[in-house]
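Below you'll find a set of structures to go through.
Across the two complexes that follow, subunit A remains constant while its partner is subunit B and subsequently subunit C.
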Partner chain A sequence: MFLDIFLTVSRGIALTLYVTLASLLIGGILGLLLAAGAQSRSRIIRAVVGSYINIVRVVPPITWLFLIYFGLPQFAFKLSTLEAAVVGFSVIASAFMAEIYRSGLLSIPVGQREAAWALGMNPMTTARWIITPQAFRVALPAIATYAIGLLKDSALASTIGVHEITYYAQQSAKQLHQGLISFAIAGVLYIAISLIIAVISRRTHLMLRKKIGVA
Partner chain B sequence: MSFITDWLEWLPELTPGIAISLKLTGLALLFGFPLGLLLSVTAESKFASLRWSSFFAVEIGRGLPALVLLYLLYFSLPDMGVILDSMTTAVIALSWNAGAYASEYFRAGLSAVPNGQKEAAKTSGFSTWDGFRLIILPQALRISTPPLASLAVLVFQGSALAFVIAVPEIMSRAYEISSMSFQYLSVFTLTAVVYGLITWAFLGLVKLLERRLNRHMV
Partner chain C sequence: MALNLGSKTSPIPISGGVHVSRLGKSYGSHKVLSDVNLKMHEGEVVSIIGPSGAGKSTFLRCLNYLEVPTEGTITIGGARVCAEEGTPDKASLEHLRKVTGMVFQSFNLFPHLTVLENITLPQRKVLGVSKERAEDTAHQLLKRVGLPDKAKAYPARLSGGQQQRIAIARALALSPSIMLFDEPTSALDPEIGLEVLAVMRDLADEGMTMLVVTHEMHFARDVSDRIMVMGDGGVLETGPSQQVMSNPTHDRTRQFLKAVLDR
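On to the complex of A and B.
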């Protein structure tokens, strides 16, 4: 019985990971653009980026998912449940990642930028080789924390029918009347994945520190 | 601008949901914050059993997605013979979730109070309880309050999850309206606006509170 439920619920691991990682990746790239926009010299771009980030963050994730999954097809886009979930979480992740990058960038002393300028580097080279590696190192723990948050938020994708962990747990809870076991297994899976993310980020963090040669 | 007339028509149907969302948030904070304080104190207890139960309560409350916690209670409590309505179940789940997060903030606040304060309270003749209540806690709360206020905003957003167990809050109402009018995009945009405005109001209050608490720091 226990094993049956475990096998059913763990069928959702793949899509849980897929939704989390795809959204983190897409949101991470969008967030980079947003963070760049927030540094822009044009006041209009800064205002647009600022209000985008604010608007995304004040609306609950589940409302975003419903808006995208049920609302967008009325226009033109017919999205599958999985696509809608990835689009929704990418939008949400982009705003949070932009904030994380921003705080990473803030931690880099202005002197670094000035030094690169004095050495004759152009802004792109400075951003690529001087600022990003340092900012990334600072931002990594926050990114990992957010990734774990996103993993837990991805449970919401079950509400629009994505076949991930929570979805299967709900199925087996309804079919077998084993609510406690089904959701306890789902919970254990989420905690296990969170721990794995935490360990990977720790390792990477230590590795980066060693590479740069600061203790 | 036809959507404006639609929105004006739907708002009265959405309003009772707003009241329920706010009530749910309020109750979750009312039970969650004291629970969090209790968990943060028992985490430092002399008794191993108390420490462990606090550890598990916090890790389950924080480690599980709030949605899974909600389902866990909703589907398992009736099997154990505890029949609760969905509102009560949602309050328990959200309080647990909020309490687990809050306990970390309380713990951070408590550990920021220098140990000398506790010793000074003791030598001044305070009992452990009075020393905690009158000397330690007020200092800890000043540190814990800003993150707790931000948590309150997140709890409000989390209250939207109660939709999945049919608590008639904002999302449930919105879903009902949209499935009757088929105006999904418009209805959920209105819902997003409602959530956004309330959250903004909350965030404004949090800012005011922070400024007030930091008055002496200028």
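On to the complex of A and C.
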């Protein structure tokens, strides 16, 4: 019985990971563009980016998912449940990641930019070789924390029918009347995945600190 | 003023020297720097001294446009920028920064790069030098600043004095026409500061053109050819080092020197 439920719920691991990692990746790239936009010289671009980040962050994730899955077809096109989940979480992740990058950028002393400029590096070279690598190291723990948050939020994708961990836990709870075991197993799986993310992040962090003594 | 050809070529025939004329900077109506003039010939060492708030660092930082001057013209090693002509184009700005090397009070080494990479990256990205050549240059310079065995270390593992010597090597790697030093020993305790000053002395002896903002009066007197004294955003006086130190013409200079030397 236990094994059956475990095997059933485990079938959700693939899509839980898929939704989490795909959204983190897409959101991470969009977040870079947003962070760049937030540094723009144009006041209009800064205002647009600022509003986007604020609006995206204050609307609950489940509202975003419903808006995209149930709302979008009314005036545009219908996405599959999985597509809707990845789009929704990518949008949300982009705003949070932009904020994480921004705090990373703010932590780099102005002397770093000045030294690069004084050496004749242009703004692109400075951003690519001096600022971004340092900002990334500073941002790494916050990114890992956010990745774990996103992993937990991905359970919401079950509400639009994505076959991830919580979805299967619900199914087996209903069919076998084993709510406690089903959701307990789901909980343990989330803990296990979180631990893996935490360990990877911690290792990377320690490695960088040992090497360069910062971050 | 009709043609902007001025920023491309130097009309002044001192190729390796420095010519700064009527440099000024103001924030709105607040003037922080006014009418600073300086001519240096190749190989000359000039120290800038004066009380804090005098505009010494601001002046130095205007020379490579880390601060944007609002008036005046800067000509260094073939690069020429005129503040009245508005924001310089990218090429002139990068040219100006290529011919000036700067050493900061807080070193500003790149902490995520090894010592070797700190010195090679600018060469490769700014001068387009190959990795091998950049490393050759870096190793030579590390020998020159007395740290040949630190190539693989990260800056955080080095003392302040070592970091500053690396910063000097990093700037030298681009073969600048002039080295600008912005209080290079102020963040170091006096004993450690000596090893940096020793490297600077060697540089001066080797004929490097140097402009040094400093509170090290011995260095100013013994190593520099001339001393420029600044106060209240302007130049109080400029003269041969010995003369300025022992027989200053300006009351404000006398007052400042007395305060510093009586410590």
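Heads up, the rule we're going with is that the second predicted complex is superposed on the first by the 209 of 215 C-alpha atoms of A that agree within 3 Å, B and C clash if a C-alpha of one lies under 4 Å from a C-alpha of the other, contacts with A are read in each partner's own complex, and residues count from 1 in each chain.
Here is the rule we use: contacts are C-beta pairs under 8 Å (C-beta built on N, C-alpha and C of every residue); 3 or more make two chains touch, one makes a residue touch a chain.
Because the structure is a prediction, the values reported are computed rather than measured.
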{"item": "Side-by-side fit of subunit B and subunit C on subunit A, or clash", "value": "fit"}
{"item": "Contacts of A:17 with subunit B and subunit C, given as first, second, both or neither", "value": "neither"}
{"item": "Following superposition on chain A: angle at subunit A, subunit B versus subunit C, Cα, nearest 10°", "value": "110"}
{"item": "Partner chain in contact with A:179 - subunit B first, subunit C second, else both or neither", "value": "first"}
{"item": "First (subunit B), second (subunit C), both or neither touched by A:79", "value": "neither"}
{"item": "Contacts of A:117 with subunit B and subunit C, given as first, second, both or neither", "value": "second"}
{"item": "Partner chain in contact with A:32 - subunit B first, subunit C second, else both or neither", "value": "neither"}
{"item": "Contacts of A:133 with subunit B and subunit C, given as first, second, both or neither", "value": "second"}
{"item": "Partner chain(s) touched by A:125 [first = subunit B, second = subunit C, both, neither]", "value": "second"}
{"item": "Most subunit A residues touched (candidates subunit B, subunit C)", "value": "B"}
{"item": "Overlay on shared chain A, then closest C-alpha pair between subunit B and subunit C (Å)", "value": "27"}
{"item": "Subunit A to subunit C touching residues, read off their complex", "value": "109, 111-112, 114-122, 125, 129-130, 133-134, 137, 211-214"}
{"item": "Residue ranges of subunit C in contact with subunit A within the complex", "value": "64, 66, 90, 94, 97-98, 100-102, 104, 106, 108-112, 121-122, 125-126, 154-157, 167, 170-171, 174"}
{"item": "Sites on subunit B touched by subunit A in the complex", "value": "59-60, 63-69, 71-72, 74-76, 78-80, 157-158, 160-161, 163-164, 171, 174-175, 178, 183-186, 188-189, 191-192, 195-196, 199-200, 203"}
{"item": "Contacting residues of subunit A [partner subunit B, same complex]", "value": "55, 58-64, 66-67, 70-75, 151-156, 158-159, 166, 169-170, 173-174, 177-180, 182-184, 186-187, 190-191, 194"}
